[in-house]
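Okay, structure first, notes after.
Per-chain numbering from 1; labels A, B, C and D assigned in written order.
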Amino acid sequence: MAKSKFEYVKEFETEDKCLPNTWIVVRVDGRGFSKFSERYKFKKPNDVRALSVMNAAAKAVMKEFPEIILAYGQSDEYSFVFKKDSTLYNRRIQKLTSVISSAFTAFYITLWPKYFGNESITTPPIFDGRVVCYPSENNLRDYLSWRQTDTHINNLYNTCFWNLVTNKKMSHKEAEEHLKGTVSSDKNELLFTEFGINYNNEPEEFRKGTVIIRGSKKKLETHNCDIIGNNFWDDHKELLNSVPPQQVKNQT
Amino acid sequence: MAKSKFEYVKEFETEDKCLPNTWIVVRVDGRGFSKFSERYKFKKPNDVRALSVMNAAAKAVMKEFPEIILAYGQSDEYSFVFKKDSTLYNRRIQKLTSVISSAFTAFYITLWPKYFGNESITTPPIFDGRVVCYPSENNLRDYLSWRQTDTHINNLYNTCFWNLVTNKKMSHKEAEEHLKGTVSSDKNELLFTEFGINYNNEPEEFRKGTVIIRGSKKKLETHNCDIIGNNFWDDHKELLNSVPPQQVKNQT
Amino acid sequence: MAKSKFEYVKEFETEDKCLPNTWIVVRVDGRGFSKFSERYKFKKPNDVRALSVMNAAAKAVMKEFPEIILAYGQSDEYSFVFKKDSTLYNRRIQKLTSVISSAFTAFYITLWPKYFGNESITTPPIFDGRVVCYPSENNLRDYLSWRQTDTHINNLYNTCFWNLVTNKKMSHKEAEEHLKGTVSSDKNELLFTEFGINYNNEPEEFRKGTVIIRGSKKKLETHNCDIIGNNFWDDHKELLNSVPPQQVKNQT
Amino acid sequence: MAKSKFEYVKEFETEDKCLPNTWIVVRVDGRGFSKFSERYKFKKPNDVRALSVMNAAAKAVMKEFPEIILAYGQSDEYSFVFKKDSTLYNRRIQKLTSVISSAFTAFYITLWPKYFGNESITTPPIFDGRVVCYPSENNLRDYLSWRQTDTHINNLYNTCFWNLVTNKKMSHKEAEEHLKGTVSSDKNELLFTEFGINYNNEPEEFRKGTVIIRGSKKKLETHNCDIIGNNFWDDHKELLNSVPPQQVKNQT
């Protein structure tokens, strides 16, 4: 029963590293979450408890992996940004995506009772993961802007949809038809006229999603602000400058 | 807030598919499990409850993903073999490794109370995953033989080690020194002479690990037998022949 | 001027290996060859000298790289099949595709005068390359069948097209329009009725392309036969069985 | 002879793109060039004709591919730097490495007679290629510094080695032994004391290699200067700033 005889099978494994000197983003995403949210009766369009479990799981992931500098989440997805010079798992793609997905799942389930009480999860949620590398600050910020734009578009739509369903007693299909072809201003108008809702007064957590960063003394800080414009980044210049300017100067 | 302006960031994602017409294996592996096993006081060298959670989680994964034809597990790892012509997630590597790792983690945690009672998991386990493709039956069988050989080597060593520690009151370091340079026959002899243990009478689950396949009516079946020799494969010819012989004949 | 200071840049290189135990195919393909063929006044639809340079270059490549077991070519493309257990360049994709493309180009140019006389090449041809791996005999044979089917389709079309242009004095556009929507039988009919050509009597080199294999005493042999059916493969069973049957039996 | 039946084999091809927004470097390297240089009696340690063919081939490649902004060469290797936002061949790795290797080979052979006269190449040279991506200016400059440092180290060594062989009548082995363990200052001293050579007066082409860039009116310019320090880059700021500063500002 010689070990060596079979060990050749390890050669079939592939190496798969993130390009050095790029920001690594791992995004986890709920699999079949609309079904999951129905089973556990999530409030529509937003369930504060459900968002809180997501945020708590994301914080636990950031505590576990100190090389993550920022996390951004909305709905059933969370993006984790690693510092540019991270060497976690030798930057191997499969390791990063599987470990972060597993960790997020693990923390989501164990933190669930804190927000949902005694109703324990019997049909657990599953999250897939993907790794993307961004070489420049602009690219990374555009990635995060893309996700926040998505938050806005989805939340505006969902706020209309669920108000039509809940308060106008429309079927899902009718609500869908009603919203077809509408642009942002139409939806804002609809919310105001029909339901007396000023969309801009909706909670920022719903409209902007959640950003988690490490504040003073490395304590995790939660923000629900705009991250598309420059203000947030001007206020947190340390986030993208992992190397102090002086060092960069001397590098070559 | 035009969506299109930022969408270009999707182009940084990479495609990563398993070669068609190969067996896909996803192996999940506990991260820092020796610490986890200490925290939850796993019996050494083998804790039947801990192995049972692993097996139960593996079965739940197989129920969730019908394209898995076989799973093999030992200690804190499990390998899942997909049928050769599986098109799950379009055979994308990152999807497969993250989803299987997440699902295994999710089921492990939710099934834990069934075996460990009321002591719920507060510090959850994390599993990494990796995908490997094997083009031939021989390669796939050699992969599984490699894992089962590993089970044998580890379990024989651990049985010696923990008997020295528990019954001879050796420190971990002393036990390690005591076993240095010994070969299999030395260890068998040691177990018999010092502890009256005939290694071959140890439970097959410990010595052989666990194989799960789909039996009649697709019911999941557990085996703790040798999978290196031909007997198991002769008894389950259907496992590797996903395409009936007739069809192969006509293929070209 | 310390060397080490800059050597870190090597870490940006990526590994890229062909899966072991698969047939590696490298296909080279002329870049912008219609322009090249006009410059050097290739006879249309087929120029025997041009095909001969291609074949001669392919043979030279096979002499240089003994791990190539078969080459198949048509028009301005050639596919090289490496034996399943080839370890050339450690099976690295970039090495294989660049070296074979470079070698083919080099031999094409140096062998050119043998077929085209004193008119030396001033604007040289460029060939791109690509590597594809096939895990099974069926897949590899289907690949070659795909290329030979392509040869047939292109040559039948081109024979019609150039006869219309040359003998019916049609413009390229007119010939194209004339052939639009025609199927194989229409084209055969057209050739026979209009030009008295029985397509099946056209030279096999034009209709079937060229296969090069190693015959007795490793001497390179050229065939212009069908490789889609079983006859060719039955006659050359040694091609796909790189490992003798006995050895396979003992492998596990 | 249905085409579709075999077309599935295309699915075995893999996608392999360079990360967007990074500098693509393709380096070609002579295969077995010491043998080639012996066959064609290259002067040692440097043959001006041989270097000239290399430079001429590199220029021809740059004319053929306008997206190359800079080339750096020494001995039997040349590195081609593509602009950061190049979309040539959709940034596909295999295409880039094979086409550049093929093109370089093609131009090398056709330009050969210009420098080596009537002795045409019968045993042609082969060049392999590799693609590496660099995300930042620092990384790219460090890559080029790495190559130029290599030029310096190799040329200093070779100048000593071949003077020992040619003028001291040492065997290759003896010269090698003689130089073992020497550092740069030892070699400079050796050249001066034994052969009256002030290394710093050796031709810059030998000591620094060759840089080719596009000068005014896109005309190709050759330099043999230092590219490790800042001077060259300060003089050619346009090289790395493919996007004018203004545009960058507006990008987000």
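Heads up, the rule we're going with is that a contact is a pair of C-beta atoms (placed from the backbone, for glycine too) under 8 Å apart; a residue touches a chain by one contact, two chains touch by 3 or more.
For reference, the UniProt names are A, B, C, D = tRNA(His) guanylyltransferase.
Computed from a prediction, not measured in an experiment: that's the story for all the values here.
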Remotest chain, chain A as reference, centres from CA atoms: C
Pair joined by more contacting C-beta pairs (A-D or B-D): A-D
CA centroid of chain B to CA centroid of chain D, Å: 48
Whole-Å gap between the CA centroids of chain A and chain D: 44
Residues of chain A engaged with two or more neighbouring chains: 12, 14, 19-21, 133, 139, 142, 145
Partner chain C, residues of chain A touching it in the complex: 11-12, 14-15, 17, 19-21
In the complex with chain C, residue positions of chain D that touch it: 1, 3, 5-10, 12-14, 16, 28, 31, 64, 93-95, 97-107, 109-110, 120-122, 124-134, 139, 142-143, 145-146, 149-150, 152-153, 184, 228
Chain D partner contacts - residues on chain A that touch it in the complex: 19-22, 133, 135-136, 138-139, 141-142, 145, 230, 248, 251-252
